[in-house]
Amino acid sequence: MIRSLYYVPGQPLQKDLPPENFPKLIQNEEAVLWVDFINEPPEVSQPILEEFGFHPLAIDDALQETHVPRLDDWGDYLYIVLNYMNFEPNGKTWETEVDELDIFLGKNYIVTHHDYPISAVDETWVVCDRDERNVQEGADHILYRIADHLMSNYMPVVEKIDEAIDEIEDQVFNRPSHGTLEKLFALKRVLLAMRRIIIPQREVLNRLARDDYQVIDRKDRVFFRDIYDHLVRLHDLNESLRDIVGGVQDTYLSSVNNRMNEIMKTLTVITVLFMPLTFLTGYFGMNFFEPLGNLKEWTTTPVFYITLAVIFLLPISMFFWFRRRTWL
Amino acid sequence: MIRSLYYVPGQPLQKDLPPENFPKLIQNEEAVLWVDFINEPPEVSQPILEEFGFHPLAIDDALQETHVPRLDDWGDYLYIVLNYMNFEPNGKTWETEVDELDIFLGKNYIVTHHDYPISAVDETWVVCDRDERNVQEGADHILYRIADHLMSNYMPVVEKIDEAIDEIEDQVFNRPSHGTLEKLFALKRVLLAMRRIIIPQREVLNRLARDDYQVIDRKDRVFFRDIYDHLVRLHDLNESLRDIVGGVQDTYLSSVNNRMNEIMKTLTVITVLFMPLTFLTGYFGMNFFEPLGNLKEWTTTPVFYITLAVIFLLPISMFFWFRRRTWL
Amino acid sequence: MIRSLYYVPGQPLQKDLPPENFPKLIQNEEAVLWVDFINEPPEVSQPILEEFGFHPLAIDDALQETHVPRLDDWGDYLYIVLNYMNFEPNGKTWETEVDELDIFLGKNYIVTHHDYPISAVDETWVVCDRDERNVQEGADHILYRIADHLMSNYMPVVEKIDEAIDEIEDQVFNRPSHGTLEKLFALKRVLLAMRRIIIPQREVLNRLARDDYQVIDRKDRVFFRDIYDHLVRLHDLNESLRDIVGGVQDTYLSSVNNRMNEIMKTLTVITVLFMPLTFLTGYFGMNFFEPLGNLKEWTTTPVFYITLAVIFLLPISMFFWFRRRTWL
Amino acid sequence: MIRSLYYVPGQPLQKDLPPENFPKLIQNEEAVLWVDFINEPPEVSQPILEEFGFHPLAIDDALQETHVPRLDDWGDYLYIVLNYMNFEPNGKTWETEVDELDIFLGKNYIVTHHDYPISAVDETWVVCDRDERNVQEGADHILYRIADHLMSNYMPVVEKIDEAIDEIEDQVFNRPSHGTLEKLFALKRVLLAMRRIIIPQREVLNRLARDDYQVIDRKDRVFFRDIYDHLVRLHDLNESLRDIVGGVQDTYLSSVNNRMNEIMKTLTVITVLFMPLTFLTGYFGMNFFEPLGNLKEWTTTPVFYITLAVIFLLPISMFFWFRRRTWL
Amino acid sequence: MIRSLYYVPGQPLQKDLPPENFPKLIQNEEAVLWVDFINEPPEVSQPILEEFGFHPLAIDDALQETHVPRLDDWGDYLYIVLNYMNFEPNGKTWETEVDELDIFLGKNYIVTHHDYPISAVDETWVVCDRDERNVQEGADHILYRIADHLMSNYMPVVEKIDEAIDEIEDQVFNRPSHGTLEKLFALKRVLLAMRRIIIPQREVLNRLARDDYQVIDRKDRVFFRDIYDHLVRLHDLNESLRDIVGGVQDTYLSSVNNRMNEIMKTLTVITVLFMPLTFLTGYFGMNFFEPLGNLKEWTTTPVFYITLAVIFLLPISMFFWFRRRTWL
């Protein structure tokens, strides 16, 4: 689908103009044109983009999905790639969705190209459509609005991850299981994926906020700087979360070993208690003691009571020995 | 609550002036005005801040809590965000409290905005109120005093953490338990949180100490440099403590494994001692040896004494074998 | 084997010219010459290369295999080393193949030297042979085509590694075995080897894209920049995969310990259940209880039923005790 | 205690002059004055230091112990903080002693202030006292001598640590015990503490060697550069030792697990050998086999010898099975 | 031993000239002098070096062994320290030998000083001695030859380490033992020691290749650049090997735990199988079942066969249960 918005000062907003008029429309330096390609086949998009005079390499990059945020300065237009990110917990793993938004930004026009509907673009579109004042601030301001919407979608994801970590942390200390480990690993991957998107995107915004471009008004840079600050913070949060997840994993190992320790203590206490006793009963169960045998003096009543005493005193003395070794 | 202090050279200090007068008051370049907003709703603060002529973006940032120290230079005023930090041990975890102090610093005025009472601000307020000489050094000096108070609250926290680490270290070597692990992990998180506050704050102070701002007297920079040095040291301490906590956790794992080793040794020694003996008694307990059977020669007295000897010598020889393997 | 392509504007493409003519041919500044040495012995290559006037050190480097991508600027020619990489999974390990492509790039000629046939070179050769327009863009464009082909061979390798990681991840969570560990380690080595190739190569392309060389047309730099971006992305992917492999290895250890925990629990539960019972049966198996003995009151029917009850109730009460300790 | 040395060219060295004369003495630009405060209460030191005209902040820093090496350039004097370090092994832990030496260096005077006697200062004092040529090279040369002495005390500490590591390494491979772990951790802390002292001190010396200061002769910089090189090397050594200690700790864990492996093998071999045998003897000990019962055919001599054979062959076949699994 | 080579254009090479002539000889700017001190006591070397006019600090550094590669520019001469390295596997550890080569490089002379014969120096000496053309290229070229020889001795060491790693890797996967761990740790130390030599040496060569020195011909820099590239590659290799050794150690721990897992499985399977059976036999071995007792109905033939069936079916059903838990 191709949709377009065209604003000329003093005139009502025009919509969905024929693509063949675009080159003519952007001649008017006062006007602002926004063209949005949604899931349009390359055969259709390519000739229209060529009409704008974009470099073939830039058009190629826009039509192919590459998922790497970048910013190329081609003089009278910028070619920008931003990423849309969605992570949803799904059982033990997370569903990861990363899409690309290609933007050509000229002095008085902006061309956006994406394969799937992106809510950040739609919301900006609605806002511009509703009130033309949002368009008259220029094409770079539309870019700012889109980028701002895109980035503000990241925070809830981070919060979801944060909650997931807290939950896992709880499990690690109380009931470390196999599933905990899988969840932990899935979180690690999500954070890594997120980081790979944020870092180049931060760089793009940093350049928009700092460098001198023909198509960006100097006084609008402060807005991109705002988004940049936001991304810096996101990156810091991401790093912190990665640190915490790493810490949780180390703790998991310690916790599992700790529990094994407990288990082994129980096993050892029981074995140490009963093995000698079982031997003792076995000893007196040997056929040497057969009543008809010639060892009658071993099966008299006093011997029996002495054995009984040993059987009671041995565990008691061992209990104190375990105590001293801090096993009980 | 809104409170204000107004100093004009040669006049007594005025307090709690009506907010609508603020714009007029700061016209007087000799005067110093300090306005402090404490937990004031945005509807009240916003128009007053707008009267000062601050940029809408800066006001927005001040009214929203973002918890990220920063410094924006808007020409004739600075917008500064500092953080107030409080960490209290609370059983196995730590209670973490991080709040934000927003500051607008002009040539001859300072506006502070915070949602909760902050002792550093209150103490500075009392000092300024008591003796007007503390105000006459200018608005940037008031900023210095507040920042100095804020930062000097960090040291006791670090000391508390240090003590907590020492205590845990002790536990790790002597009685590693599940609780130790939780405390260790809580410490890790506290140090991480602290680091996230100190680093950007250090950057803010560094810029105050080094860069040229209209609203800060060149010769006052040395004071901010002092706080900066303090933060550098805090950061180094924090890094050291993080290193130590990391080391303690590694040691914990080794210590737990070590104890498990001890436990397993005991288990193995006991098992290795008694299993053969129990088998031996079982062997002679088999019904083949029944006195009425045809194996009389196996139940004679010499056989019994040989068995007895084996039962005594086996443990003794094993004891020496364990010794050689350094198990006992 | 030595093959050559010679293009003079307006003339048909000439092929396989005698090596002794090369110095003369490159006098024509309009022409483009490509000479390709495939597995040619040094004795043959050296004099021909010397005829081009290349520095002895550069020729030495070209004739010796060193496998380190680099770029030396010798003024009117560049000496470039690129690497060809192939990794194939082979059971638990990977077959690693790294070869070197030496390139001398002059204003109007390119000399390539390699010991094994390289598909990237062959493909470019075919393309240039088929259509002379591919040659007329100049020697630097031929370099771009070769480099582009080389680099696009890396992506499938990364994908193969990615799949291998997913497979191993699965094994780690479900059936961690000794083979998993070996595969994991092999992957680690492959990623490390790959990284060692990509980093210097990226640096070479970065310099081609950024620096000013006599032999590279300024407007062709954008093509090298494209390959550079590709390598940057590859490097990022490589780093991510390394992170993931590291994470998988940590998880492996935790997973193995986790399984050991399960095993130990079973062992302990069984031992704790049956040791006391076995002792009990042993106790009543002692010869003190011989029917002919003087302890008749211990072998009456009620005693037997009490024992039976203990034997049933002990496991049941232990079951609940295990439950409470979250062992079952 | 306050002591002073005063040198005027052509005159004998004067000692312990009255503090009130100091300001007058340093008027003579040819002369060299060294004042040394040892454990002098602030009430005494402060007025004297103020007489020199030092900035109140610098005096404050000197009188308070802060233990952080630094260098402040106040124009016609430098304020320098250096650290004195002593680490002594003390059982399993190390005794750590870090003290501060505050120095004010002017064009023709040097003021040193410390709370405890420092041998490096005393040795320099003796050397200057003995031969006035050591003083006539100027105040910056006295600073060099003191710093040189201070730093040369570090090397023996590093060597002691190195020896301690070698000893621990030995223990880890041969008799890893709980004490080893404690010693290892103590070493880690010592190295961390040392690092925290060396890094800022290195920075101070680097600045003395590189930057331009009014009070330091350009041609004397080479001496500070010498100490700086020494500190760089110390830092490298420290990093290496930290790496090695880290490696030893990893090895400790592996070593403990390795030993546990050995122990478990013994346990398992014994259990696997005797459990079936014990069952066998138990089986034939059941009362079904009672000679008076109706199962006489189970207690004949051939059955007994078959059982005997099983009891001998089972361990032998298991021995070979263990062998194949590399357990024995 | 002191040996010297003196070359004057057009004259035959002179050897072993009297040391007292050196200062006069180097007056001739056309000539090239090489003096080599081998294990000469400081009393002899010092006055000769002083005759050259070297700075006392540089001479001190040359006469003392410090083992840290460095480069000091003293204007008309350079003071350079290079390292000679030899590592030999020796059982489980490696023999480490690091020696120092001190070089003074002037415009037309080179002075080398070392405590032990160094093959790289000897080989260069022989080459210069054999053919005076090798000397006439100047003193800096002699330095290049020595450095080149020194560095080319490193590669075989790296290869030996590489082989050692491969061997250990094999052991880790197949027969992890205590010795493996010691070898691994020794390798780690060797790589660390090597790194400590390569890094500063690389820096020295980098400066020789890049910076402007009076005594080094601009066009000879390319040779030092060649050695520098070699060292960069060595450093990369070293880092890779360190990474691999680190990976092997992690794998060792996992492998040991894995094997322990196997052992525990065997132990648990055997225990779980035989404990209930032993209890069963014990139960029927109790004296309640005495044929003369009043529980005859428990010792009838059907009961015996039921017991026999249980004894056979229990292991079989457990076998399937273990299967499902992937223990067998």
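Chains: A, B, C, D and E, in written order; residue numbering restarts at 1 for each.
Just so it is clear, contacts are C-beta pairs under 8 Å (C-beta built on N, C-alpha and C of every residue); 3 or more make two chains touch, one makes a residue touch a chain.
Bear in mind the structure is a predicted one, so any value in this text is a computation, not a measurement.
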{"item": "Labels of chains that are neighbours to chain A and to chain E", "value": "C"}
{"item": "Chain centre separation in whole Å, for chain D relative to chain B (CA means)", "value": "25"}
{"item": "Chain B and chain E: spacing of chain centres that average the CA atoms, whole Å", "value": "40"}
{"item": "Sites on chain C at which at least two other chains make contact", "value": "253, 257, 260, 264, 267, 271, 275, 278, 282, 285-286, 290, 292"}
{"item": "Complete ring sequence of chains beginning with chain A, oriented so that chain B follows", "value": "A, B, D, E, C"}
{"item": "Residues of chain D defined as touching chain E within the complex", "value": "169, 173, 222, 226, 229, 233, 236, 240, 243-244, 247-248, 250-251, 253-255, 257-258, 260-261, 264-265, 267-268, 271-272, 275-276, 278-279, 282-283, 285-288, 290, 292-295, 325-327"}
{"item": "Of all residues in chain B, those that touch chain A in their complex", "value": "57, 66, 68, 70, 175-178, 181-182, 184-185, 188-189, 192, 196, 249, 252-253, 256-257, 259-260, 262-264, 266-267, 270-271, 273-275, 277-278, 281-282, 284-286, 289-292, 299, 301, 303-304, 307, 311"}
